[in-house]
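The structure is given below, and queries will be raised subsequently.
Note that the chains take the letters A, B, C, D, E and F in the order they are written out, and that residue 1 is the start of every chain.
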Amino acid sequence: MRLLVVNVNTSEAMTAEIAQAARAAASPGTEIVPLTPDFGPASVEGNYESHLAAVAVCQRVARHTDPYDAVILAGFGDHGREALQEVCRVPVVDITEASAMTAMLLGHSYGVVTTLDRTVPLIRDRLLTAGLTARCAGIRAADVPVLELESDPGSSLDQIVEQARLLVEVDRAEVICLGCGGMAGLSERIAAELSVPVVDGVAAAVTHAESLVRLGLTTSRVRTYARPLPKPVTFPSGAPATIGGAGA
Amino acid sequence: MRLLVVNVNTSEAMTAEIAQAARAAASPGTEIVPLTPDFGPASVEGNYESHLAAVAVCQRVARHTDPYDAVILAGFGDHGREALQEVCRVPVVDITEASAMTAMLLGHSYGVVTTLDRTVPLIRDRLLTAGLTARCAGIRAADVPVLELESDPGSSLDQIVEQARLLVEVDRAEVICLGCGGMAGLSERIAAELSVPVVDGVAAAVTHAESLVRLGLTTSRVRTYARPLPKPVTFPSGAPATIGGAGA
Amino acid sequence: MRLLVVNVNTSEAMTAEIAQAARAAASPGTEIVPLTPDFGPASVEGNYESHLAAVAVCQRVARHTDPYDAVILAGFGDHGREALQEVCRVPVVDITEASAMTAMLLGHSYGVVTTLDRTVPLIRDRLLTAGLTARCAGIRAADVPVLELESDPGSSLDQIVEQARLLVEVDRAEVICLGCGGMAGLSERIAAELSVPVVDGVAAAVTHAESLVRLGLTTSRVRTYARPLPKPVTFPSGAPATIGGAGA
Amino acid sequence: MRLLVVNVNTSEAMTAEIAQAARAAASPGTEIVPLTPDFGPASVEGNYESHLAAVAVCQRVARHTDPYDAVILAGFGDHGREALQEVCRVPVVDITEASAMTAMLLGHSYGVVTTLDRTVPLIRDRLLTAGLTARCAGIRAADVPVLELESDPGSSLDQIVEQARLLVEVDRAEVICLGCGGMAGLSERIAAELSVPVVDGVAAAVTHAESLVRLGLTTSRVRTYARPLPKPVTFPSGAPATIGGAGA
Amino acid sequence: MRLLVVNVNTSEAMTAEIAQAARAAASPGTEIVPLTPDFGPASVEGNYESHLAAVAVCQRVARHTDPYDAVILAGFGDHGREALQEVCRVPVVDITEASAMTAMLLGHSYGVVTTLDRTVPLIRDRLLTAGLTARCAGIRAADVPVLELESDPGSSLDQIVEQARLLVEVDRAEVICLGCGGMAGLSERIAAELSVPVVDGVAAAVTHAESLVRLGLTTSRVRTYARPLPKPVTFPSGAPATIGGAGA
Amino acid sequence: MRLLVVNVNTSEAMTAEIAQAARAAASPGTEIVPLTPDFGPASVEGNYESHLAAVAVCQRVARHTDPYDAVILAGFGDHGREALQEVCRVPVVDITEASAMTAMLLGHSYGVVTTLDRTVPLIRDRLLTAGLTARCAGIRAADVPVLELESDPGSSLDQIVEQARLLVEVDRAEVICLGCGGMAGLSERIAAELSVPVVDGVAAAVTHAESLVRLGLTTSRVRTYARPLPKPVTFPSGAPATIGGAGA
């Protein structure tokens, strides 16, 4: 079985980290094919970046011509899962929903610890449209930018553990979900500190994707995820207008 | 990996059918150990029967002394998953939630087709406490008793397909869940009729259980599913009082 | 009018305490018939114990052959009400729902103070399936085991009052429900401390049961609570497997 | 025990009918004191009328100087319960919530059959703020004006039964609530037709009010239903401006 | 365009303040016609007062014979909007809903800061029936009576700012709504302190009302807000019974 | 005041139609500046197209260097509003939420009639994350592709009216929202057929945007809609991979 694991940003280092987490979770015989988008933002920490990443992810997958059995979207709380489901004939699993579902099998409620405060509402909205908020005890931010996780994961650990502890003790979460693709690898240390299960989304998504492939099931085409209708679609030429910089 | 698959009623024939469905879904190297409760109702179609089955299932698992890696509770909409989670050190997966989660990965909403009208509210309540109703489009009964499925599955197929069709066309479900452990084996024929994915709970549960085992995760002990406190517990002696019979 | 009041555990002392609370609330002419299950756990503080108690309660009621007009299930947050409704021809009232309903007649929102933290999610799930969470301001645990309430109710009072105060001041509850059958008798002291109404579930249930009897109404048989279908049901022989002990 | 039962409109005939239903449900020793507002609308079938009736009801009760133990507000879906709770030192029970609560003790879900289609959203909003919608299966109107019920209850019966049947068969209600104070007296005939319990709000409210009195409980004063602050309040002089007439 | 802006209490000073806020928000060419009820409470801080004010507001508008294009109900959390919609042929806008809607256009969630703790549940219920709670982060009271705002708005500012700060920092509101008609004029100072948008309900309502008029739209008559049916309606004569005073 | 009105697809004809609807609703002195994205899909009828359109819309607005006061996103049910809110210093109004809010001021519930069945879940999810579903009675599709509306609006009218009628009569909507930017212009004819208010999203959005500008309010920067952080962002070069065509 061959799983595409698509990073949502253009950081090759983060793609490598995600691939490592995916391979650690994969069954024997499952090949992990990591993909990095050809364009888009260096990290996804907001809505504009998330939409652009969704397009870049779909394009990257669309031009992957070798066969594959499922696709994993490795951006926590980001857009793009529904679009990939339209585009791909094979099952698509998003790490946000994958980790929430795995967590719901392990405890009465779960909490999410993520990077920046500004992404908390995006994650909540993703869980809301996925129909998975009923047992979400809370979402807390450790105030660590995505790329800092990558450059120095150790230094961020304390802040992440502190927020996870509040999720368990104050918000009454019974399981912790790591709310960022770049947190893969921290789960064991957090679990050791808190004595609750800790779910890494990439690992969870690999197992859900393998499961769907083994069951021979793929996305329903009956309505929401029908294939895109053939129609003229154009792409930008030239450099993007600057968004969010000092002069904007 | 060894998975216990526990039927909820005392029908050995249904246990065999469930075991067959489980084996068909299992990965190479996964051993399916089917268990039938030592006591309890011949079929579970109501609340009293469901509580008794929950006790019988826990007892049956508790006296299984060989090692195992996860437990699957093979009763759709029945009680007992939370109790098993307290009792077992390994992960526990219920076919109700397993099939709903798998379905939610495949479409925007799902529907459940079950046996008797009287079990519809039980299934809804199970999904409600599992936090999985937000994308449940509907639950419909085919008016087929559980044991009739077992004795003659073919003759029930038309009624099940008809209700599944209403779920897709009227209730706007995009995926169908088979709402009875005894429906395992009908999924392909229903999928062929309706052109939507059809999820069998036993098969789905096998893959979720395998996933949890591979991820090295088990039930959180922090609160809801803490182990039962040691205390005196007694069991009945003699035959049960008749419940629900003509003379009651 | 004769009301069966069924304790959920095998403690005769607690049955006596419940009976006393029931008699204090009963109208003149109402006879309280306390019942203790013949088997089951010494106290109900988890899901396995709750299912076993549900079976034991139904069995105890089923073998009570003298006439009665209604049944009260005296376990807060425990399972079994729906099963009793199937089994009994007369109305069944659970103290969980009875106290929530009474509280909702008295204030804009209510809070529940219970014994152990681990039972909080069980209570929430009971209120959820009963459709009574919309005005539940919170559920807090006083960290007092059920049987300690019985052996020394006075010493637990301070902890219960403290949690009730937090429910009123922090969670904005306007009425307090006592979330354990064994708390009957503490309501006046708590009300005196907090100046809000305090509802004891046993007392509330007695009045709701009397009301249903006087109105000549009993459980609907149309679907969920239809009588169990006649079918073979067997019971365990011998001692139960140990669950939750040190060696498990 | 003495219960004030306040009609919401100025029809003495309807007050008499309500009083009769109340007396039929009351315990021995309970005295029913029917009250008709001194002013207000001849029937309450909309929001303006409902607010005016709420004021008239509070005024009528405020000038009742003899002692009483509880108050019943006999308008289904109408405003005024919260205001009466502020005004009265004794418990207040509204027939809308009383009937929903009684129904929820009898079945998994309930439906309401009312008079005019335009009052359906008012009833829904009342149940919503009362926190009682979670198990409301539906509200249907029989297209019968309130005063027609009074003048000729028999002729309306067929339409009411037809809507009740749809609530049971289509909306899956297991209990029917009669959604108008003036429907008191029809419950037996509807129950006979449909084989489900039928709850009359006035009768249900009498039993809930008696229960609260016996439990020695009254409205919480901690926040929402604190007594009105003393302040200047003036009343209109002269005739009201015409509202809703042909010339408006 | 001519907008009626109706105060809910009999304080002419507050009417003047509301009119000033309305005029500051109105477009050129929009005439603001402030109205004070002829009767009713000096301030609205509870349910009885709110129903009486609703009647008084409807009566005041009904006897306004000059033409007008829309009506603004200037009481935050008070009753009466639905009644005015029945009574008036032109659009009606309530400041509660107007401010919530405006706030929802500006941030992911909003918070309301109001006067007295006892009005918090009334505001929540208004937002609930308006269908606007999903993004309400919280409602907090500054513990300032309505009439104190009028007599000395400056002295209340600190308490209001403090609660608004808690809404932003603890409850995660991104926009603040001023939860009292009498807070008009404080918005700029609060916005300066907190760096989030602050919405004054009167100003917001003026723009919503102007919008509806320009779009040529008015209240739907199809069901809920159908015109009141012509029927006998009477009014009180003489002074009201005292409610809520020391002797009550 | 100058409002940018951004079409979501690359059809200049539809931009012109939207501009016409916007101008018809604008106040005197409001200048409507229509914009068409430089790239993206010819019509937006799915998730991939919606994300690409969101990026294209943000880019189109970002390179508009003349001053403007607010932005209107003229795609019903499409993504991109939150991204525009991050990108723009001025208020942003989406026609989906604008029409729902306007409708909620006019009736107790609203319904949406849209083009294709496959877009119904997208619209529902947009309303869900906007917090506006509580009073949404239903969403129905007329089975008319977006571009057909443009080429021949008259011929689609019957199908749209039929679905609107079902929304009013079956789903109990009291107001109809036109669920497609391209339906602007049909509102009068539908209103004439059905006697309920009909809201065109573009017109509603113009009035909401004007309102925010007049109130001097813009998007909260405190959390969700903080400005994008400066970071490397790249764009694609060359033609897009084909998505959704026959060969995909």
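Note that in this section a contact is a pair of C-beta atoms (placed from the backbone, for glycine too) under 8 Å apart; a residue touches a chain by one contact, two chains touch by 3 or more.
Keep in mind the model is a prediction, meaning the values are calculated, not measured.
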item: Of C-D and B-C, pair with higher C-beta contact tally; value: B-C
item: Reference chain C; chain at largest CA-centroid distance; value: F
item: Rounded Å distance, chain A centre to chain B centre (Cα mean); value: 30
item: Averaged-CA centre spacing for the pair chain D and chain B, given as whole angstrom; value: 44
item: Contacts with 2+ other chains: residues of chain F; value: 108, 120-121, 172, 223-225
item: Touching residues on chain D, where the partner in the complex is chain C; value: 25, 27, 91, 93, 97, 101-102, 104-108, 130-135, 168, 172, 174-175, 195-197, 199, 203-204, 207-208, 210-212, 214-215, 217-225
item: Of chain A, residues touching chain F in the complex; value: 10, 38-43, 45-52, 54-56, 58-59, 62-63, 79-80, 82-83, 85-87, 117-118, 120-122, 125, 128-129, 145, 223-246, 248
